[in-house]
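Shared between the two complexes below is subunit A, which pairs with subunit B and subunit C, respectively.
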Partner chain A sequence: MTVVESVTGPRTAISRRLATLIGREARHLARHPVLWLIPPIVVVTTSLDGASAGRNASYWYGTVFVAAAFFAPLIVLFAANLVASSARRSRAEEMLSVTPTTDTRRTLAMCLGIALPLAGTGAIAAGAMALIDSRATNIQADELLTTGELAQLPFVLAGAGLLGVLGARWLPFTGGALITFVAATLGGTVVFGRFDSGIWWMWWSTSTTFEGVPPVPGEPWLHVAYLAGLCACATVAAVYRDRTQWTRLALVGGPILAATLAVGWLQLP
Partner chain B sequence: MTTVRVTGATKNFGRTRALDSIDLEAGQGVTGLLGPNGAGKTTLLRMIATVLAPDRGTVTLLGRDPSRPDDRTWIRERLGYLPQDAGFHRGFTVFEFIDYVAILKEMTDRRARHDEVRRVITLTGLAPVSAKRIRALSGGMRRRVGLAQALLGDPDLLVLDEPTVGLDPEQRLRFREMISHAGEGRAVVLSSHQTEDITALCTRIAVIHQGRTRFTGTPAELTAQATGRVWTDTQRSPAAIAAWRTGDGIYRNVGDPPAGAELIPPTLEDAYLLLMGEPELEVTHS
Partner chain C sequence: MAWELVRRGHLARSLRLAPFGPAAVAVVVLLVARRRGTPDVVGDLRLLGLLLALGSGYVIDDGAAVTLQASPYGLARRLWLRIGVAAAVVIPLWAAMLARLLPSAPASDRWALGLGLTVELAAALAVVWAVAAWCRRHGVEYPGIITTPSLLAMLFLTASLSPAPMLVGSGPQWTSAHGRWAVVLVVASCVLAAGMRDPVARRPFTDRHSRRERQRA
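Entry: the complex of A and B
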């Protein structure tokens, strides 16, 4: 029996091995200095904007929205990309690749380690907004988001993180994160035919309007399903990036992509 | 038991042939690969570390075939590897990085894993800097971090690519001590340009040149090849394939000595120079 076996015990379950790694990747993201940009940005923007009417319910509703939805996705995309590409950038990849943890499993752990805490953060933010909404009476109705719209928030944050991982896997070079960001922005613009639709990273919900027209039109709950599908697509594409896994990429990713596109089509008015 | 068996392995990178039908066997103890830059040492070590697969030929590690995914995972559970150009997550502390590699080595029990991380940190003399960020360490200390992660889990096969490169003399001696200790009871395969390291550490050596094995045997057997072919003189001899002026002002000549030359005992370096200077000579000792 090797020391590894004495430490791990007789073939610990994959879920346990994966859980440990997911935890470590989540910690890696949480400690990334790029994420530390969010609090000062939120503090500065909210103190400049919303406090003129006092720190009332509307102010806090807006502050949570700004913190979680307005700047976070953009910053999360770059932070996740840097975390996912750190082994390559620091030339540690070869050393890490000769461990029993396959590249596929390591990437899956990275996707989950990045997406789950972000989704959790989004859920907490959405919950806080719902709570403020339930307790306050002085927030203007057009500022309030429906439950279906709030439910999009976890997926927007997780999706931004997964997009960062996807960029790190498919564009493994300096500037890959920027190309991912530009492509995702232009993609939104082209798909919806509007410039402001490309600024998904500032989370325009299905009810938010810009010059009278919602940049992301459609039925909120179907939009949630569509965002969940995009997250799943990004995960599958990142995990099966290696050339030897392209059959699996097609077999697993194909149906998920088809379902996502179908939901995306159905959500449109 | 033969831990590493490479038979007729060929590897091409585009039009460049890095390895040309190479053979190598390594068992318990330290086996050294010696050769000039571009000889194919790193390619061979990467093959033994399961990073690369040969285009032709076979590689058997610990009795298993690394080209089969299940066997490869089994081998990797028992393998430690220090690449030539090892990099680290520079924001991590020493402990965090080694702990991360331990997680990738599937050590899931937190307490046992931390004990194992502390063990290799102590073994490599990193305990005083275990809480320091890797980016703050010197090159020698970083090499130690690389060795520490390779020693995790007490692997049966340790593959070290140029472990002493860039180290000062004291650090090299410390490294030799650590590698020598690591070679007790397991197979260690390492590469080096430094004949002193090879002489000091290895029970067997393989000299590689242009992707082929030029010599396999013990350091003493290679050194014996040069017996009677090293002499001193007051001047550079035209018959020498290599000659240099030593500190005491006389020339050390390596090659075919003239009649009446004052022969001296050869070193491994002399034998290596002779071997490299004679392209057709190929020697294998059992």
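Entry: the complex of A and C
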């Protein structure tokens, strides 16, 4: 035990070490080249877009929404997967296993380091949309999102990142990220597209018009809670991936999954 | 030697088959779900083409490349052979699905649809292989995973460009849109050809230059 630990106690030292790891993972994600695809693509798309009605407030409102709720999550999933699998791909796991931090704690730090900045980015996007809404009067009523729908954006982005981590932990082979992506998007679209309230069970925002099907009524704030539950499920499943931790996975993950499904059920009218 | 690699199964064993899993599942699902024809030929074939292209992006991930660098069989030839093996998986699957789904389209549109969608698939394959080859040339050992977000980003870009639409349905814009796909195919093929060159192999000019330098020294 170091001098600092003897004064502040081991728990404080552990949380400080965790905070350091979280910061490191957040930096790792922020500097990842795959994430750099997002700004140029959004800039090129908006600059080459015809924008038949002109680049007014309504256009920018929709652009921020599409970038934050649709395009960014697709790219974030792969960036997070690459960050989470970097130790395995660079064959550094053996070296990491002898460090004083456990695999469980490292994965928790990775989940938080990936989810928190992404949730912050989603909150900034939601704030930008709220700002455009407050300043402009020409946005059509059917395009406007409620506060509950805007609050889903941070969890959509954080959820995409956590899904990437989950894929890296449970499918640690080449193509694992692709299978996670296809299962989460196309699989979800096929399965949940078969019934009217399917959009409420996906990890997407409920304000998205899904294959031309008009959105069915539901409680957006409970969908926020449902998305938060999915994020918690992904974190628990990633953290307790190791075979020796499967009892904890069942004990901790079971109640969280049950609560998430209950909230998912309650969000429907 | 190429035939030996294929015949003895070394090449097939070193290929990553898991990324083709989603495409294989999609083929089975489409064959079962569209037994009596499909209402959306273009949508179904585009989805399958996307999955095949995404799965093919991993073929250049060659863990043995570093070990085999010193062998007389060059890196570029080995990578081209891997692409050839991936094409041998993709082409029969694509041809089978075209034969299965195209009869659901109006008879007058079948050739145009089949040709156009094949050009789209070829362009998507050229893009993923070009990205993989370029990344590999710049030191990324396993570039496969980078090809997926790159292709998705390109598709997002093509879907958003309203002055020059590329993801169009059957209609008057079909031919012009596929002219643009053909341009993408040509450009990506050039990048692929440039990216596949062996980085260790020197150009004649560089060789002459270095020989002169040595003589001076």
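Methods note: the second predicted complex is superposed on the first by the 224 of 269 C-alpha atoms of A that agree within 3 Å, B and C clash if a C-alpha of one lies under 4 Å from a C-alpha of the other, contacts with A are read in each partner's own complex, and residues count from 1 in each chain.
FYI, contacts are C-beta pairs under 8 Å (C-beta built on N, C-alpha and C of every residue); 3 or more make two chains touch, one makes a residue touch a chain.
Just so we're clear, the structure is a prediction, and the values are computed from it rather than from any experiment.
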Touched partner set for A:T45, first subunit B, second subunit C, both or neither: second
Contacts of A:W246 with subunit B and subunit C, given as first, second, both or neither: neither
Which superposed partner A:W36 touches (first subunit B, second subunit C, both, neither): neither
Subunit B versus subunit C as contact partner of A:F195, first or second or both or neither: neither
Subunit B versus subunit C as contact partner of A:W170, first or second or both or neither: neither
Touched partner set for A:W265, first subunit B, second subunit C, both or neither: neither
Partner chain in contact with A:T99 - subunit B first, subunit C second, else both or neither: first
In the complex, subunit A residues that touch subunit C: 34, 37, 41, 44-45, 48-52, 71, 74-75, 78-79, 81-82, 89, 173-179, 181-183, 186, 190
Residue ranges of subunit C in contact with subunit A within the complex: 16, 18-22, 26, 29, 47, 51, 54-55, 58, 61, 141-142, 144-146, 148-150, 152-153, 156-157, 160-163
Subunit B-facing residues of subunit A, complex: 2-9, 12, 16-17, 20-21, 24, 31, 86-87, 90-92, 94-102, 106
Touch list for subunit B against partner subunit A, complex: 46, 49-51, 73, 76-79, 81-83, 85-91, 100-110, 112-113, 116, 146, 149, 152-156
